[in-house]
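Each of the next two complexes has chain A plus one more chain, namely chain B in the first and chain C in the second.
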Partner chain A sequence: MDVLHSLGAGLLHVLSFEDLPMLLLGLLIGMAVSIMPGLGLVMGVVLALPFTYRMHIEPAIILLTAIYVSGTYAGCFTAILYRIPGEPMDVPLLWDGYSMTQRGEAAKALGWALVAALAGGLISSAVMVALAIPFSNAALRFGPPEYFAAVFFGFTSIAALAGKSFVNAFISLCIGLWIATIGVDQTYSAQRFTFGMPVLMGGLPYVVILVGMYGLGELISRLGRGLPKIEKPPDEQTVGTSFPSLREMWALRATFIRSSILGTILGIVPGAGATITSFISYGIEKQYGKRRDQLGKGIPEGIVAPQIGSTASVAGHMIPLLTLGLPGSGATAVILGAFLLHGVQPGPMLFTSPDSKIVVYSILASLFVGVIGMCLMGFLWIKVVVKVLEIPQAVLVAIVMVFCIVGAYADRNSMNDVWVIVVFGLLGFLFERFRFPIAPMVLGVILGPLAESSFIQTMVSYNNDWTVFLRHPISGSLIGLSIIALAYPAVREILGRKSKADSIVLQPHVGGES
Partner chain B sequence: MNRTTFAASMLGALGAATVATPQLARAEDAYPSRPITMIVPWGPGGGSDQVGRAVAQSLQDVLKGTSIPVINVPGADGNDGMVRLVGGDADGYTMVIFIADTFVGNMTSKSAAAWQLSDITPIAMMNTMPFAYYLSKDSPYKDWASFEKAAKTTQMRVAITGYGSAEDIGTKYFASKGGLKLTQVAFAKPGERYAALLGNQVEVMCDPIGNVSHYVEAGQMKPICVWAEKRLGVVPSCPTAHEVGYNVVLEEWRTIAVKAGTDPKKVAFLDRALAAAYKTADFQAFLKSSWSNPDSYLSAKNIPAFFAARRNDVNALIAATH
Partner chain C sequence: MLLRGRLRRSAAYAVILCCAAYLYYLTQHIQFELVPGRVGPDAWPKIVLVLLLVTCIWQIARILIFGAAPATSADDELPLAEGEGDYTYLALLAIGVTVIYALVLPILGFFVATVFYIAAIAYVGRYRRVLPLVATSLIAPIVLVFVFMKIVYVALPLGVGPFKALTVVLLKIMGVH
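Entry: the complex of A and B
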C-alpha cells in the first residue's frame, strides 16, 4: 500500500507544471533521435545532458528517462515503413515489419508495434515498482564482494552476448577497463598511465568518452560512407496505425508474457542493453514461438517480441541504477551522471529519506506516463515524426557534431575534454571500421572503477581471502552465472556445429547502443 | 536550490549583459565576471559535499549575480579534486573545498604527492566538527566499552574514507594504544560508507559527526566515541576519546582554497566575500543543522598558523602509534 501511495505522490509530481513539459520534450527528443539513422537514444540522452545542469533534479532525470524510453519505440516507424532501422535494436523489426508493409499491412504492423511497446513498457514498469523496495533492501546487504560479482557478471554477459564477435567484444572490454585505470587510483592514490600529464591525473570522464565513441565516432564513419539521401518508398502510403483486435492479441499472449519477462530480467543484467534484449527476444521467439516457422515472413510475433524486449529493458535497467547505483548501459550511465551532477548518489540510501524517495517515485511514475505518452504521440503524430527523415543528412551531421563538441566542453568547462572527445571519436570510428563492438568498452570504462574499488575493499575486509566471492550466497550465484555466461558461447559453438540448421541469428552488431 | 542557482545565473547573465556591455574595455578588471566553479573533491551526499554546496549557495547570495556551480571530483582521498584545481589556471575562477582528510593524506603520503600544500592558497575556514566512531543500530555492541572489549580478540572492520586520511591515522592510533584488532576498509563515496555500516559490511565506521547527524537522529547509527575535547551538546551520552583512555582530538575541518599564484586582489575579494557568506542566516542555519562548531570561521591570515598546529597534532599522533 505504501508503495502505491508513494507512486501516487510521484504521479502528482510528474503531472506538475515543472515535470510534465520535460517529460513531453524528452519523449519528442527520444523519438527524433531514434528515427534518425546514426543518432541513437544514447546520443539523445548525452546531447540533452548539458541542458539539465541548471534544472532541478526531478525534471532533469525525467527528461533523460523519457528520451531513453521513447528512444526504444519510435525507431519502429522507419524500420517498418521504409526499411530503415533508426537504431541497431530496430533491426529485428525489419524482418517481419517490412514484410508486412510490402503486403500492404503497414498500418497493422505499426499497430502491433504500438501495442507491444505499451505492454512491454507498462508491464516492466509495474514489475520495477514492485521490485524497487525489495531490491533496495537487498541492496543494503550488497557489500563489496556482491558489488564486484555483479559488475563481473555484467562484464562476462556483455562479452558472451556478443555472440560470434566474442573475442572482439572481450578485447573491447579490456580496452575499456584499461582506460578506466588511467589517473590517480581511488584507493592508494598511485598514478597510473598518467605519463606525468596533469590532464590525465584526474582520469578520463566517462560521459565525454560516451559522446566520443557513440556520437563523434558514428558521425565520422557516416562521413566516410558518404551521406546518401534517404529515399522514401515510391508509393507514398497512407501512414497510419490500425490496432489489432483483442482476439488477435489474445492469440499472441505467450509472446507478450515471454518477451516482457525476458526484457525486464535482461534489463537488470548490467550490459544487456535494449539492442541485445531486442535480438534475444526475437531469437527466443524463433526457438519457442508457436509460429516459429513463419517468423521472418511478416507475422506480428516478429514485431511484438523485439519491440517488447527493447522497451521493457528500460524499466529493467532503472532498477540496478536506482537501488545499487549500478548503470548497466550507456543511457543509464548518463542518467547516473545527471544524478551525481545534482549531488545525489543513487543507491539504497535513496529510499531511506523522504525527500529523495519522492524523487525516485516521481521517476518511476514518469515511466508509466512516458510509455503511455509515447504511444499516444506515436499514434497521433506519426506523420509529423517521420518528417524528421527529410532533414538533409549533411545538415544533420554538422549540427550533431557541434552539439557533441559543445556538450563535451560543457560537462566541466574544460578544453581538455574537447581533445578527449576527438581522440575517442577517432577510436569509435576505428572500432566501427574494424567491427569491434563499442558497448563492452564503454561498460568497462563506466564500471571498471567500481569493480576495482569493490575488489580491493573485499580483499582488505576478508584478509585477502578471494574465496569469499564464491562463499557469499549472492556473489557466489553471480559468479556462477558469469561462468555460465562465459561457457555459453563455447557450448553454443559445439551445439551449433551439430545442428547448423537450427542456429538462430543472435549477433547484433552492438555498435550504436548498449 | 538548483532553481535558485538557475535564477541567479539568469540574473547574472542579465546583469552582465546590461552592466558589462558599455565597459568591454574594463571586462578584465571586473572580478568575478563569470561563474566561479567550486570543486568538491568528494562524492555527492557526503559532509564535504553538503558544506561545499552550502558555501556555494551563501556565496552566491553574497556576490549577487555570480553563480557558483559545484562539481564533484571524488577519488584518491580528495587528491583527484586537488589535482584538478592545481592543473588549472590560477585565475580565481576555480575554488576547491580543502579538508582535514586531504591535508593529512598529503602529509602522510608515502609516494610523492600529486600536489603540494604550497600549490594552494587557503582563503577561509568554513566549518569544523570532530570525528567519531559509530555502530549501526543492529550492532551486537551497545557502547564503546563493549566494542573495545570485543575488538581485543575479534577482528573488526572500520569503514574509513581512505588510507592516510585523518580517520586512518586516528584508527591506527586506537589499534596501537588499546591493542585492538581493527582493519580499515576504504570507501571513498560517503553513500557507500554509510551503506556499508547500515548493511553490516563493517562493524564500525569513522566519520565526522555532522555528516551523519540525520542517521544519528533517526537512530540508525550510534556514536560511541567522539574525538573531541569535551562531550558534544547534540549527543551528550557519547564519551570523548579522552574519557575512554585514548589521547586523541581530531577534527574534520573544511577550508575554501584557490590555486596558489592567484592575484592577491582576487584572494582578498574572496576573503571578504566568504566572511560575509559565513555570516548569512542560511549558512548559520546550515552550521547548526549539521552539528558544526558554531565558531568555525577563520580568515585567510589565520589559516597558516592553524595548519601548523594541526600538522603538529598529526605528527604527535603518529609518534604515539607503534
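Entry: the complex of A and C
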C-alpha cells in the first residue's frame, strides 16, 4: 500500500511542469537517436548528460531514463520500414518485420511492435516497482564484503555477456579499472599514475570518458565504416500503424508472457543489455514458439518477442541501479554518472529518507508514463519522426561531434577536458577497431572506486583475510554466481566448437554438391 | 604467412601487455608510508594490472599457438548498408581534424573554429553539396552558441584578437552578456 502511495506521489511529480517537459523531450531525443543508424540510445543518453549539470536531480534522471526507454522502441521504425536497424538490438526485428513490409503489411508490423513495447515496458515497470523495496531491504544488510562481491559479480557478468569475446571484454574492464585509479589516492594521499601532471591529480572526469568513448569514438568509427546512404522515406501512406485485434493478441499470449518475464529477469543481470535480451527472446521464440518453423518469414512473433525483450530490459536494469547503485549496462552507467554528478549515490539509502524516496518513485513512475508516452508518440508522430532520416548523415555526425566536445568542456569550462575527450575518442575508435567492447571499460571506470574502497575496507576490517568473501553467505553466493559467469564464456566456446564440428561432419555432402 | 597473420592478430594484445608491464613497474614507485596491517594504495592497481597482464599473455598464447579466431562484435551482425565499407582513412582524417580543432579552439574561439570544424567533418563524411554545407556550417554554430551560452550558461572560448571581437559582436546580437 505504501508502495502504491509513493508511486502515486511520484506520478504527480512526473506530471509537474518541471518533470513532464523533460520526459517528453527525453522521449523525442530517444526516438531520434535510435532511428539514426549509428547514434543509438547510449549516445543519446551520453549527449544529454552535460545538459543535466544545472538541472535538479529528478528532471535530470527522468530525461535520461526517457531517452533510454524510447531508444529501445523507435529503432523498430527503420528496421521494419527500411531494413535499417538503428542498433544491433533491432536486428531481430527486421528478420520478420521487413518481411511483413515486403508483403505490404508494414503498418501491421509497426502495430505489433508498438503493442509489444507497451506490454513489455508496463509489465517490467510493474515488476520493478514490486521488487524495489525487497531489493533495497536486502541491500541494507550489505557490508563491504557484500558490496565488493556484488560489484565483482557485475564485472564478471558484464565481461561474460558484453562482447562476443570474453578476453576482450575482460581486458576492457581491466583498462577501465586502471583508469579509475589515476589520481591521488583517498586513504594515503599517494599519487598514482599522475605522471607529474597536475591535471591528473583529481583523476579523470568520468563524464568526459563516457562522452569520449561512447560519443566521439563511436562517431569516428562510423566515419571509418563509411556513412550509409539512406533512401528517402516511402510515401506517407505506408508509414502508419495498424493495431492487431484482441483476438490476434490473445493468440500470442504465450509469446507476450515468455518475453516479458525473460526481458525483466535478464535486465536485472548486469551486462545483459537490450541487445542480448532482444536476441535471446527471439532465440527462445525460435525454440519454444508455437510457429517456430515460420519465424523469419514475417510473422508477428518475430517482432513481439525481441521488442518486448529489449523494452522490458530497461526496467530490469533500473532495479540494481536504484537499489544497489550498480549499473548493468552502458546507459545505466551514464544514468549512475548523472546521479553522482548531483552528489547522490544510488543505493538502499535512497529508499529511507522521504526526500530521496520521492525522487526514486518519480523516476519509477516516469517509466510508466514514458512507456505510454513513447507509444503514443510512435503512433501519432511516426511520419514526423522518420523525417530525421532525411538529415544528411555527415552533417549530423559533424554537429553531434561538436556536441560531444562542448559536453566535455561544459563540465568544468576546461580545455584540458577537451583534450581528455579527444584522447578517449581516439581510444573509443581503437576499441571499436579491435573489437573491445566499451561497456565493461566504462563500468570499470565508474565502479572502480567503489570496488577498490569496498575491497580495502574488507581487508582492513577482516585483517587481510581473503576468505571472508566466501564465508559470508551473501558475498559467497555472489562470488559463486561470478564464477558461473566466468565459466559461461568457456562453456559457450566449447559448445560452439562442438556444434561447429557437428556441422562440419554434416557439411561435406552439401559442399560436394556445390 | 600463417605466422604473420597470427602475429598481426596478437599485436594489439602485445601493445596492451607492454603498457600494463610499464604501469606495473610504476606501481613499485608509488610514494606512501604504509600503515602496518593495512593494504597500501598500490595493492588495487597491482591486482588489476596483474589480471590485465595474465589475460594478455593468455590471449597472445591462444593466438600464436592455437590460432584463436579474431574477436567479433555485435555490430558485425548488422547488415552492410549501401555506402558502407572500410574507410579507415576517413576516420584518421576525422581524428586529425578534431585534434586541430582542439588546438585552434582557444585562438579562434568556439564560433569561428566550429564553422570550419563542421564543414571539415561533413566533407570528411563525403558530403559534397556545397551550398547546404556552407549554410549548415554557418547556422549550426550560431544555434549552438545561443543554446550553450544563453540557455545552458556555458562560457565557451571566445578566441583572441579579431576572432574575439567577432565572437563578442555575435554574442551582443544574440543578447548574450
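Note that in this section the second predicted complex is superposed on the first by the 482 of 514 C-alpha atoms of A that agree within 3 Å, B and C clash if a C-alpha of one lies under 4 Å from a C-alpha of the other, contacts with A are read in each partner's own complex, and residues count from 1 in each chain.
Keep this in mind: contacts are C-beta pairs under 8 Å (C-beta built on N, C-alpha and C of every residue); 3 or more make two chains touch, one makes a residue touch a chain.
Just so it is clear, the model here is predicted, and its values are computed rather than measured.
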| item | value |
| --- | --- |
| First, second, both or neither for A:464, with chain B first and chain C second | second |
| Touching partner for A:225 - first (chain B), second (chain C), both, neither | second |
| Contacts of A:344 with chain B and chain C, given as first, second, both or neither | first |
| Contacts of A:91 with chain B and chain C, given as first, second, both or neither | second |
| Chain B versus chain C as contact partner of A:190, first or second or both or neither | both |
| Which superposed partner A:165 touches (first chain B, second chain C, both, neither) | second |
| Contacts of A:360 with chain B and chain C, given as first, second, both or neither | neither |
| Partner chain in contact with A:54 - chain B first, chain C second, else both or neither | both |
| Per-residue contact with chain A, leading partner among chain C and chain B | C |
| Residues of chain A that lie at the interface with chain B and also at the interface with chain C | 53-54, 185, 187-191, 413, 456, 460, 463 |
| Residue ranges of chain A in contact with chain B within the complex | 53-57, 139-144, 183-191, 198-199, 201-203, 325, 339-345, 347-349, 352-353, 412-413, 453, 456-457, 460-461, 463 |
| Parts of chain A lying in touch with chain C, wherever the complex brings them together | 37, 51, 53-54, 83-85, 88, 91, 163-165, 167-168, 170-171, 174-175, 177-178, 181, 185, 187-193, 216, 219-221, 223-230, 275, 392-395, 397-399, 401-403, 405-406, 409-410, 413, 415, 418-419, 422, 425-426, 429, 432-437, 452, 455-456, 459-460, 463-464 |
| Touching residues on chain C, where the partner in the complex is chain A | 12-13, 16, 20, 23, 26-27, 30-33, 37-45, 48-49, 51-52, 55-56, 58-59, 62, 70-79, 81-88, 90-95, 98-99, 101-102, 105-106, 110, 114, 117-127, 129, 132-133, 136, 140-141, 144, 148, 152-157 |
| Chain B residues touching chain A - in the complex, by the definition given at the top | 2-3, 5-6, 9, 37, 43-45, 49, 53, 69-73, 75-77, 79-81, 83-84, 86-87, 105, 109, 111, 113-114, 155, 157, 162-164, 183-192, 194-196, 198-199, 201-202, 214, 220 |
